[in-house]
Every structure is written in structure tokens, then in C-alpha cells.
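Worksheet: the structure to be examined is printed underneath.
When the chains are written out, they are named A, B, C and D in that same order, and each has its own residue count from 1.
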């Protein structure tokens, strides 16, 4: 059994991690930390876990995380970068669901996240945890930077096109829509039901923190910088991201075959039949990404539709997928549940 | 492996059965019938099942259901009563999720469902599939009448009080609220998003088909007729039933202890701590019923709050629970998944 | 023109008051106060008001409310009781949308609201602003205590039965369901979209602040204390209250005629035809209360269904209705807009 | 008073027309037709209209529409083109909310709508009812083709850029999101609450009927054909369209000033301050279009955000606006109500 610790278990990615880990046959949940809620039974905060998780939240100072085999950070940005080194030194593997180790460019990270980075060397060591790109490196990684939700949906949609070099790289557009859980479990006015329900809006048009992460990932697979306009939107649903991606084709190509071949061996990436229109609910609660590729009216604009559950493939599920890879387990362990529809 | 057939797989209880059965280690899904959609791959209609269910819908005439060990009917009322006898004769066990075998009083059934009953003798044989009441009979049953969604939530909430004889039986009130999936997967005006969203209403106040079923169940546990007012409401959510139950106490009693003792050995009935306020989402996608019992201001009115997922404990999950019991499997097989929250 | 001030304009009742007042031909909005947002244009916080309200929020210290003819308090509890005396002394009329002047029993108020009352004598003077009961006193009132949302829906439903003396008064039940805007525009975890959406729950079962207000109102129309169980619920919609009321008939009576006669002259109370099932959306954005009365299966339990928009008839609309009455205007002024459906 | 008839009053655009016309001081609603619901009081189908609309639906054969001054068609496509000529001959003006007279290219219309056009000459006469472009022609028109919902939101967002000639015209992208009422009041599976709620999807990617309408409108203002990719999406809300528009700038320009100048005299088009992020709810129930223009990271991609209420500015409100213009009334008559927020 893998002894697992979770730092920061009171947010949505935290409770989702617990949901998945509770069903994991090789993971033994040892400790879940929370500074504010130490002592509170986890299932009191999340009654959905009654009968499945018997732990109470532990204060970080009492957590003995170094006795774990793996620690997940489901914390706000700026925490993992301070605590990871000690864990690695103690032989503990780390999967960080926050953004602390995602951007290779430290200056860029510091600009977008508004703080100094305390562990640039660990950024250099960290493996970006998108298994469909970095599976081999993840296998031997001590530290995995789990991708953001938008970056996962957007990269998986653009990768086949960029790897094949069939679209112009100067004018990519990613018009993305997220459910409200993406804003986290924080008492903020904008996320109130009476504010976010029955309405739709864009946000972060000036610049969203996931923009440099997406650009970095796309540049890596293409081998050159890409020009990307990224507009995220808030849509009145709980879970789910729908990315609508636009690129200009530079050559004729069988798009369907291109996508099917790229993901032929990826259990979690489902290239749907031609003409499909994936719905976010078709992946609700599951680690799948469903993708459809279109070429409207046969023009030179390719449109890719990519959906994930932002809390699963966009966060906790991908983190467990990375854990499975890091420990040599079948990659689908605890992740092959059927999505919840309706 | 239990060879399983599903008759009528295109509704919400059908797809939910498939979701649960796909993860069942002892069930082998043989056939799913649909008259209208014969030939269509199941996963084309429900993309959430892509990679999990490879069958196509089979026309009922070609289904060879008699080769199954168990057949689930997830059909409109009036179908199972016609087809069950032949299956039983062929040695196939049957769990009927429709109402065909629920009411012992044939005349009452015919009045509420507006048709003649073709198999009254099977009604006499059928076991009402509420395991918390009839577990022993279910073990040896050939034919189980799976309870309705409202009846499950309401009966589980009232049973401890009626069995203990601590409330007046002449004036029970069940004020129940259901998500819209309870109306089924039918193209009806009232169930449109633009009709049912952001609004709340009662329906069936004159009389709802689940009223006689609830009355029958409560009368059985109490040993006498009960007076019940049942008002169902439609609430803008997909899944979930919340029953708010009111009774007049006739004696002083430790309500919390009464409920805890009654359900001490029931994995799927969770009596929550005093003062709890169960949310429907705390059972989303799972077979649990969560119950809290209150005595507001210490008066003589007891208030029971009972929540289930109408498609799971209120339909497909309870059906699988019954299957597990009928075949001697651990009752929780394929049913101990953590609810999906948020 | 009536010079109008609004104290506390940043909550949902505040913005709703502004929406209604902006269309009021006899009201001139002079000042809207906010301590935290002084200086901010109102339409910056609420873009729906762009082009309709040109004021900025004024700091309370600069508000010169004494120059108004009428001041609305749309503040948290405990503010109006401190500021009202000075306004009344200056000849300004006051409509308080908070609970400060609703309960005649000062001790009860202090218990439920957890603070000492600073102006018990004004409580004695204040008129409870339910026009369907107190229209005559409102006409000459200096100070009106605007009713709570639940109390409005519940009282209007029970009043005909209690005035006529046709139900037992010891065991009334009010099972009420509210949209999330009823919780106010406050950054609280429970009101987040990802918490309150796609779920349903009861709250305040032990005791809700509106319980004593309802009891007081019902006792007044009946002339004796009443026994009431009140269970409020949170339903995933923005606006609307649906009260399902239960009483035990003590005599045979033509319920439909009773209700129709009671409200024959009330423009804002719509007694619907027999068998009706009012939806909250049928009053969305409007000052109407729609009521249907049922006697299920001809038994001795009467069921009343009563719906309002909690922000209009349950708050800002009723406040404007009271203003109209206090100033001798047609009662429907600025309030006869068609509800928004769908 | 203008004598007004409405053909097809049972859909969402129909009931919205009635809501607006009921408050119109110069419009006298004479007749509302419905073949299927003739004889039914309008307010029985739409209780929101109780007390405001006393008419019953009239069978088309009995409608005497030729006695009206103006007839609105709120019918499915293919009806207005058959009935308009007789009305015009009788001196009745017509505003058609369906698509029958929107496309100048008859062949294109017949291809997209799958039927032969019976009145091509009337198409030639009809004025496209986008007042911000065609106000002068609308003043004297006998027949107005009311624009579609997507075309309204998209055109108003692109027009300033195209008129000024500051973006490339070969690669416009319109990523649009609509509430579910856009699908109409039809009992269709895809529009069920349990299908459309808590999910998000694209549709019509291959080609949507509004595509040629948008292209025609943009080509007209630009004076040349434009290349447009249009991807509509379904979002779980009742009302509202949010269009996110992308264009490639061909010259440097003060975008904010460009938009403000273009719409300086348009009451219903609100160019918001720089950096704004319009929400659909900020126009709920109102005839406004709110627009914000962005240039993310100072690049050469311009992003325009444009929101309308699909049933108001996208249908019934714009129709009343056109009526006001055709009859020389102030354009805002019955349309200057404050949007409903929250």
C-alpha cells in the first residue's frame, strides 16, 4: 500500500482527491491537513464521505508527512514551493496540484502569481504532469507539477495539430468555458449562486494565469513559440470545462485520422466520431477528455472541441493518474469509473 | 457471472442501471432492449458509456432474455406485467423497476395506472424490494417489485416511528421535493430546461401514483391503515429527492436513538448526528439514504429529513442491491462508491 | 415628487428597490448610502442599472437623509433601530426592510436577533406593513416595519383560514422553500454556486427568525396563539418562495370561495382557479402573490400553495407598495409590471 | 392606439411579445392566434399574464388580422411568407420574427431552411430590422424582417470594426453561447432540464441557419464578402446570448473610441468602460445590448464581448422597437425597463 498524505483537504480539489483515493485499492490515506479545521472530522465538512473517510483534519505541524510515500498538495499557490524540498529529502514523492512548479520561466511565474519563488531549482527538476506528453519522465519523477484545468483541456486539443505542424502557430484561439467549481471553495461574491446562476460572462480577458502555462506547453510540443489568445468564461454549471479551439490550417490533412492516431493508446483521451459534439456532462466525475475535431464548411479553420471534468482530469484525477504512473500501477487504477449522466 | 438483461435501456433508470452494472464484478451485461433504437450502439445515445458498454440496443423480439439469469425491467408501466411470466417460467429472475407489481390491491393499481392488470397472481408472488424491510423474502424471491423513488425516501423516514408506535397515524404529512430526472427521459413541455429551471412548484396534489404505494408500505409496518397527505414538488436540480416528514408524537421518546438502532445494520441508511440537515448532493450518484430527525422547539411535532438519489436508491441502485441479495452476493457490491460532491 | 433615500443599497433588496424606484413616476431617488462603497457609481456595481440610476453611493455621514420625504432601510438588522428616531423627528417617513421593528415582543426580538433593542417605543409605534391586513394603519404611519419574505408568503396563505376559524390552530405546518437570493448578497460558503446548485436541503429547523414573526401575525388575525411548525428549505433558484401550508379542517367549508372573497379586492393577491399549481416563476420580478387551495382526496387536511418573489412582494416591492399607501398614491404605482417568464 | 395582432402566441417569443405589449401605452392587443390552443385563455397557458392579458387564443381562420394596424409573426419558419401578402394588401404592416424574409439570397434561404420560398418578391421589399443599421428604411417599411438572436449579438459587435475597416475580413470568428430558451418552447429531448442542465456543449458546428444571415449583414456593412467561422453553444441558463468575437487588427486604432462613437446615439447599445466584462444577466428582460472591446496583451487580436437577452433584443424587444419606429413613436416606448438582476 502507498501511504498517502493530502495537504489542504478542504477545497474542491481536496475533497475530489479524497473521493478518488477512498476507492483506490493501493492507496492508504494517512493524513489530511488543514490549518483552519484541524480536529474536524473530514466527513463532517463533506457528508458525502461519511462511511468512506474516517480521518479528521490534522494541523500541518502535526502531520508527519515525511512518513508518507506520496504527498499531494491541494493548496493555494505558494505553499508547495516551501514544503516540497523537505519531503523530497525525506524520500517522499510529491504531486503538486497548485501552480508552484508548472512554469519553467521563474520570472514569468513571479509576475503572474505575484510572489517570489523560493525553490527555482525544484522547478527545474519538476516534471509537468500531462501523461499524454510526459509519461516516461513521470515514471521516474520525484516531483510532478500537476497541470491546470484549462491547460489540460486546451493542450490535449491542440497537441495533435501542433505536433503534426498543420496549423499556423501565430494566431491560435482558445475560447474556454468553465463551471463555477473552477473558482475554488472560497467565499467570494462572484461565485455566489445568485450571482453566477442563470448568467454567462467572460473573465480574465486581459490575461489569465493559465495563459503562460498553455503557451509553454504548446511551445514545447511545437518546438517554437506560439501566438495564443485565451478567453476563459464562467458558465452556470458546477463541474466541467469546454474548450473551443480555433486554428488556421496550413495544409490539407485527414484531421480525424490525425487525432485518432495521436491518442490511439490513451485510455483517457477519447477522440469521438466525426461530427460529434461532446458535452461536459459526458465526463462528469471521470478522468476522461473527449475531443471532436471539425472543419466547418470545409474551410481552412479547424475547430476542436475538448471537454474534461475540471476537478478530475483537470485536477484530482490527473493527480491520481500521475501517482499511478509514478508507482508503476496500472494507469487507470481507481479512475475507470463511468461518468455520472444525467 | 450473472447473465443480466435490461429491458428498456433508453430512459434515466436504464442508463443508470448500465452505469452501475458496468462496474459490477459479478454481472455480465448480455442484452439491452429498445424497440425504437434497435441497432444503435448504447454509447452513441449515452456517450458517458463510451469505453464501458459496447453493446447496441437489441429489438425486444431478438433479445433472448430467457437465456439471462436476471432481467431488469426499466420500462413504462404495463410492460413487465406482460413479459414476466414467461421469464419466470424459463427460470429467469426478474427485478421490475416499474410499478407493475408494487400494489397488492389490484383494483387500486388499475385505478391509479388506468389499465387492467394482466397478472394479478404475480403481484401476489412479488416481493416488495425494500431491503430494509423485506431482506429475507428478497433472498428467495423470483420476482422483486422495486420501490418507487418517493416511496423509498418517505418509508425509510417514517418506518422507525411507525414500528415503534410513537406517532399518531391519522395525520402523517410527507412534503417531498424531487429533481427533474424523476419525470423520466421523455420529451415533455413541463420538463424543459426553460420551464423547470429557476422555478419551483408542487404537482400531483390531488393524488400521485406513489401515494397508495407509500400508504401500503406504512400500513404494513404499522399493522394498520395510516392517514397520509403527500405533496410532491418539482425542484430545479437533476437528481435527488428530499422528503420532509411531519408526525405528531404520542409519547416521549429518544428519537435519535430510535433511528440509530433501527438502522444500525443498514449500510445504505445513514442516520446523521443530531441537528443535521442532509443535502441531496451528499448522496448524488450513490445508493445511500441519509436521515436526520428533529423535534423543533421541543414540541410534539417530529420532523424527519430524508434524502436519496432518485435514480440510485430510488431506482437503479436499489435494483442492483436487490440483485445482490437475490444472488447471495455482498449487498454493497458495485454500490459502495463515494457520492459526487460538489 | 417624493424625495427618497435608500440606506444600504448594495444588497439584493437594495438593488431591487432601485430597479423599482427607477421606474416610479412619483419617486425621486436622492441618495443611496453605503459605508464600504462610498463614491462608487451604483451602476458600476450593478451594470443592470446603467442608464437608469446615475447616483454614486454616498457615505452615511454625508447622506443628509433628513432632507428626504421617505427613507428605506435595506440594511442588516440593528441599523434602522438606531437611525430611525432622528429621521422621524425631522419629519421623514421610514420603511424598514430589516427586522428591527417587526416583533412587538422586545424580549423575543432580542433573543432571536442576539442584541439589545435600542428603540422599544418605536416598535410600539411601527405598523407591520402587510397591506392586506393593515392597510388603514399604513396610510397614516410614520414608520412601517416591512414584513419578511417567508412571513409574507405564509401569512397570506393562512389568513383566510384563520380569520374564518375553519382550521385547528394547534398544529399548523409551513413547509417553505426559498431561492438562494434570500440569503442575501454576502460572501458565504453555503451560498456558493458550487454548494447550493443541483442540491436541496432544509435549514433552520431548530428555529428560524421568521418563526416568531409568522406566529405573531397569525395570532393577531386569529385572536389567539397558534401552534406552528416552520421548516424553511433552500432550493437552487435565484428568486422565489413557495410555501406549502398544511392545516386540519374543523368544519366543512367552500375553501375556494373563502379565499376568493378574502382577496377579492387585493390586486396583488391572486387566488388561482381550483386545482391550480402556482410556480414561483409566475411571479418573477413582480409584486404578486399567487395562491391555490387544495383538499387532497377530500380529506380533512387543507393544503395551501402560496408563491411570491422574495425580493419583490417579499421585500422591495412590498416596501414600495407601502410607500404608495403612505403617500396616497395608487397602490400599484410602479408595481404593475408583468412577471418575467420564462 | 395601434391595433396589434400576434400570429403564433404560444412560444417564448410570443409570450415575450405579450409581456412587452401589455405594458405598451400605444398598442392595443386585438388578437393572438394559435391553431392548437384556440379557445384557451392566454393566461391559462402563461399564468404570469394573469391580470394583464385577458384574451383567449383565436383560431387563425377566425383571426381577422386584416383589421389590425400591425401583425407580428412569432411562428415557425414558412408561415409568414404565405400570409404576409394578404395583410400588406389590406394595408396592415408586418413584423416577422421568423426567418422568412431575412435572407436576400432566395436559393440560400431555400437550402438552409429546406423549403421553397413562396414570396421572393416580398423578400426584396422587406427591410432587415436592425435599427442600428437600417433605421431610416424601417421608418417607411411595410414589412420588417426581424433579425435572429445570434445575428443581432454578433453583428452589433462586429459592425464598428467592419465599418471602420480595421480588421481582416477573411477570418472572423464568432464563438457564441445561448441560453436554452433559444431552442424555443418545443418538447424536444435535447432541451430537457435533465439533459441541458449542469452541462455545456457546442452545436451546429457544421453550419447553423444564422450563419448566412450574419454573413449577409456583415458583408453589407463592409461592402464585401467576409469569411466567418460561427460556433454556437448551449449554456445552462434560460435567457441570454454572449458572443465572443475575434478579429485580426490590420491597423492601430483606439478601439474604445471607435465603439463609443459608433453607438453614441443608440439607446439600446451600451458600450461599457474599458476592461468591462458584460454578463448576460445585466440585460435580462431588457432590450439592451452591452458591448466591451478588448485587445488582450496588446496583441493584434481584438476581442469583442457582446451580450443580449435573446428573447428581447434578440426577438420580441427588437420587434417592438421596430414597431415603434414604423409608427413614429419614441423608440424606447415600452422598452425602457430596468433589467432584472439578480
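By definition in this document, contacts are C-beta pairs under 8 Å (C-beta built on N, C-alpha and C of every residue); 3 or more make two chains touch, one makes a residue touch a chain.
Predicted model only: the values in this text are computed from it and were never measured.
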Inset, instruction - Go through the assembly and pull out the chains touching chain A as well as chain D. - result: B, C
Inset, instruction - Return the chain whose centre of C-alpha atoms lies at maximal distance from the corresponding centre of chain C. - result: A
Inset, instruction - Starting from the mean Cα coordinates of chain A and chain B, work out the distance between those two points in Å. - result: 36
Legend entry - Centroid spacing, where centroids are CA-atom means, of chain A and chain C in whole angstrom: 45
Legend entry - Residues of chain A whose C-beta touches two or more other chains: 12, 179, 181, 185, 194-195, 197-198, 236-239, 278-279, 281, 284, 342
Legend entry - Residues on chain B engaged by chain D in the complex (per definition of touch): 12, 179-181, 183, 185, 187-189, 191-198, 236-238
Inset, instruction - Please name which positions on chain B make contact with chain A in the complex. - result: 12, 15, 18-19, 22-23, 46-52, 181, 185, 197-198, 238-239, 267, 270, 272, 276, 278-279, 281-286, 288, 290, 311, 336-342
Inset, instruction - Using the touch definition up top, name the residues of chain B that touch chain C in the complex. - result: 171, 173, 175, 177, 179, 194-195, 197-203, 205-207, 227, 229-231, 233, 235-240, 242, 244, 246, 248, 275, 277-281, 284, 294, 296-297, 299, 301, 303, 305, 307, 342
